[in-house]
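As written, the chain order gives the labels A, B, C and D, with residue 1 at the start of each chain.
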Amino acid sequence: MTIMSDQQAAICKEAALDGSGLTAMLVNASLKPPSQKSHTDTLLDVVGEIFTRSNVAVDRLRLSDHLLAPGVYPDMTDHGWERDDWPQLSERVIGADILVLGTPIWLGEKSSLAQAFIEKLYAHSGQTNPAGQYLFYGKVGGCVVTGNEDGIKAVAASCLYAMSHVGYTIPPQADCGWIGEAGPGPSYGDEKEDGSGRVGFDNLFTQRNTTFMAFNLMHLALMLKASDGIPAVGNVRSDWDDGSKPGWPNPEYRLED
Amino acid sequence: MTIMSDQQAAICKEAALDGSGLTAMLVNASLKPPSQKSHTDTLLDVVGEIFTRSNVAVDRLRLSDHLLAPGVYPDMTDHGWERDDWPQLSERVIGADILVLGTPIWLGEKSSLAQAFIEKLYAHSGQTNPAGQYLFYGKVGGCVVTGNEDGIKAVAASCLYAMSHVGYTIPPQADCGWIGEAGPGPSYGDEKEDGSGRVGFDNLFTQRNTTFMAFNLMHLALMLKASDGIPAVGNVRSDWDDGSKPGWPNPEYRLED
Amino acid sequence: MTIMSDQQAAICKEAALDGSGLTAMLVNASLKPPSQKSHTDTLLDVVGEIFTRSNVAVDRLRLSDHLLAPGVYPDMTDHGWERDDWPQLSERVIGADILVLGTPIWLGEKSSLAQAFIEKLYAHSGQTNPAGQYLFYGKVGGCVVTGNEDGIKAVAASCLYAMSHVGYTIPPQADCGWIGEAGPGPSYGDEKEDGSGRVGFDNLFTQRNTTFMAFNLMHLALMLKASDGIPAVGNVRSDWDDGSKPGWPNPEYRLED
Amino acid sequence: MTIMSDQQAAICKEAALDGSGLTAMLVNASLKPPSQKSHTDTLLDVVGEIFTRSNVAVDRLRLSDHLLAPGVYPDMTDHGWERDDWPQLSERVIGADILVLGTPIWLGEKSSLAQAFIEKLYAHSGQTNPAGQYLFYGKVGGCVVTGNEDGIKAVAASCLYAMSHVGYTIPPQADCGWIGEAGPGPSYGDEKEDGSGRVGFDNLFTQRNTTFMAFNLMHLALMLKASDGIPAVGNVRSDWDDGSKPGWPNPEYRLED
């Protein structure tokens, strides 16, 4: 695999981490039609390869391949929209132990498709697992950000916070990305102008962070799996349901009903 | 009009500001289908009413009524998507002297439709006006934010920055909004539980900020109109085009070519 | 203790969680002089009380009581400043298993003291633990936000991201806070105008989130303690040190040397 | 002056803009002691030079040279702190027609000194000009951001929003900055490793944005000066003071009293 550096391959080999039993969902919120190559995919490939070499089952989702109807309910066809592909996708996302959201940067922010995806996670914030915790408890989240303009940290803070808020655990250094020098220029994985290779592939900072993120996601996911999730003590929603008021028509409302 | 308070009506009357010749576009990025009432619209109504009483021509756009194809080019059907409604809408947005972006807050951020709209503004960042300035020079922007959870300032900072970055002038206090106490609850314009009126209508802070924003947008728009825009001195793109490199396939790239 | 509701007291009692051996540091970044009451402290008190009832040893730090010299090195007296209190404080922060950063909101953001504190965490980003991981690996972080204007989520996203970036693990729903309706008004713990109690004390959303955060911080801290931290596999800095270049004069530079 | 490129010098000469009568304050929020060279100063130098060549009187302030006591009142010695240098500085800032806030990026955000400076602007949010408008009406603001890690846009959005919120007008493209490729590396103005010049000096994107910002600040400042500020119509605070409640002890509270 040329997408990984020798260093990464050596680390994977030496680590010999066994993530059997774990599943990971890698989501790409590129604005490009599915038929076009996405730079974000190229960096997600590295994450996917590290997972695969550690026996984690990897699933991938290109958001631009689907229509997520606007709105913060699990199935927006119940709320006035004719079509919503999310109900066909949600199980794959909810079922994964590890979620990695990949997004390009536009005007310093995550893409509108990444925001739409987060709205969909949020749509499930009124649901609970069998222990009475929010649905995403016991799962871990990370994110991958690429662009030729700046914004990795701002975008990562936004994505990781959203995941944390709906129940994901965020491991250390759970974000990675690549951007170039201020201003226009090539994107991750483009050929260098001098023909000496592909942009970002030899950036130690980017590749180290990508590796750390991938391993930390696996470590925490394994730890949570071994503990059967987070103990349902002190964090159970029904403890707060007495005297509940009738629900308001959106998830944040429902949180308290 | 019951949407305005007596105070606002009195201020409009005493101001007697004549905005004839100005046009304003009020955009609503609510996630709700167009058939459903949007709380954001209710606050935009106040802005629209102040404009109308000052003889500003008001146009409105409900984004959920249209399909904005993902991507940062003016017409995404040239770039792989089958349908894109933006080309039919862009002239109304670009032609307006005043742009107000209204958005709900979801998980502390603007809606995915608001982000998609900003991507569309950005799509025109490679175009210039006859004086050689970016297309949105000489126009002014503001934003309206509603929600029952917090985030007015974070959302406003993001929206106003995006407008400023593509060329809009941002007047003082160009944002307004309403949110309730932390946690679930009614949204702007909902009936109060005690039946004493509608939520937010008597919030002096919200109504004052809305009024200030509307007037400041008109003041700056009139000032810029009287000056025939911003002098094309020191801010002309072609001054930087010598020695340009072939363009990269997105707007930020094109900025420099 | 009147700072906790009956519901919270009951949950603590029923949980009977034993956090013996864990230490927690609660930091308050209020701008007020130490002699003045801080609303942020009032909400931190709730967190502290939950920890105490679970046998977690609680330490507290009021930043305004100390002078953190500007700069991103562990001891700024080595870098041109005459006085820096951080070296006397850093061990208490670094030594804690759980870190909770409490901050007020000003103009929608965390306080300058909170930012200065984060710069101090960052100052240690070049250091590693005995396993070769970044110093804060194996520890967990959360945050508490209060204000009368909005911004809980924006502030929390910023604080939690910073912690995550330097090595903390972020449990689910690791933030809590209270704000009032848009505009000026009382702050957390102020007497209500109608004399019926103290503002925010009976806000189920605030109190539930505070409880969830406190318990999730303990659960993850216990889990990490039991595992002796995060396995030092795939996330060890020295794996990336071969061919290192001479360091640049700041921590982000050092990350790569 | 070698800090400006030939292109910038030519643009200034051809523009021949006369900003006589305008004053500009350039603030540097670098964390370094005043005795140490700041990369942010190097880019602020370019802005200052463009202003000077246009006959704008330039004042500069290095925040690390002073002690801004924590807190959101104009003079914190009235509120419990022993020393506060802000009262000696505030007139220079308030008196300037143009304010440019320069800041480094740390962990993706503006520096703690930049945040402290914004808290000081906010401290004056309860004051009005003779026309009854907020104190900063009629003035314009911009910002300069440097770092070797990413965050220009996030930092600029935050700084420009704060200025806008207290009354500044924000011209188009009122921010500029330089960052390098993701990861550690040289900062703006450092010698290039290959000895071919200084980093960022030949970055067309950075230098163009810096030029555009400087000119747009002058254009809007001149326009506002010619109009004697923004008309005091529809944006006067006392219009909202009837039935005011006793003030709360901080500026945001006072906004409404």
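Note that a residue touches a chain if its C-beta (ideal position, glycine included) is under 8 Å from a C-beta of that chain, and two chains touch if they have at least 3 such contacts.
A quick note: this is a predicted structure, and the numbers were derived from the prediction, not measured.
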| item | value |
| --- | --- |
| Comparison of A-B and A-C by number of C-beta pairs in contact, larger one | A-C |
| Most widely separated chain from chain B, with each centre as the mean of CA atoms | C |
| Whole-Å separation of chain centres (CA-atom averages), chain B against chain C | 36 |
| Geometric centre distance via CA averages, chain B-chain A, whole Å | 30 |
| Chain A and chain C: spacing of chain centres that average the CA atoms, whole Å | 24 |
| Where chain C touches two or more other chains at once, by residue number | 107-108, 149, 153, 157-158, 161, 165, 183-184, 204-205, 255-256 |
| Residues of chain B that touch chain D when the two form their complex | 7, 11-12, 15, 17, 50, 134, 136-137, 153, 156-158, 160-161, 164-175, 204-205, 208, 211-212, 214-216, 218-220, 223-224, 227, 230-231, 233-235, 237, 239-240, 242, 255-256 |
| Interfacial residue positions of chain A with respect to chain D in the complex | 107-108, 149-154, 157, 177-184, 200, 203-206 |
| Sites on chain D touched by chain C in the complex | 31-33, 35-36, 64, 70-72, 79-81, 106-113, 115-116, 118-119, 122, 148-149, 158, 161-162, 165, 183-186, 248, 250, 252-257 |
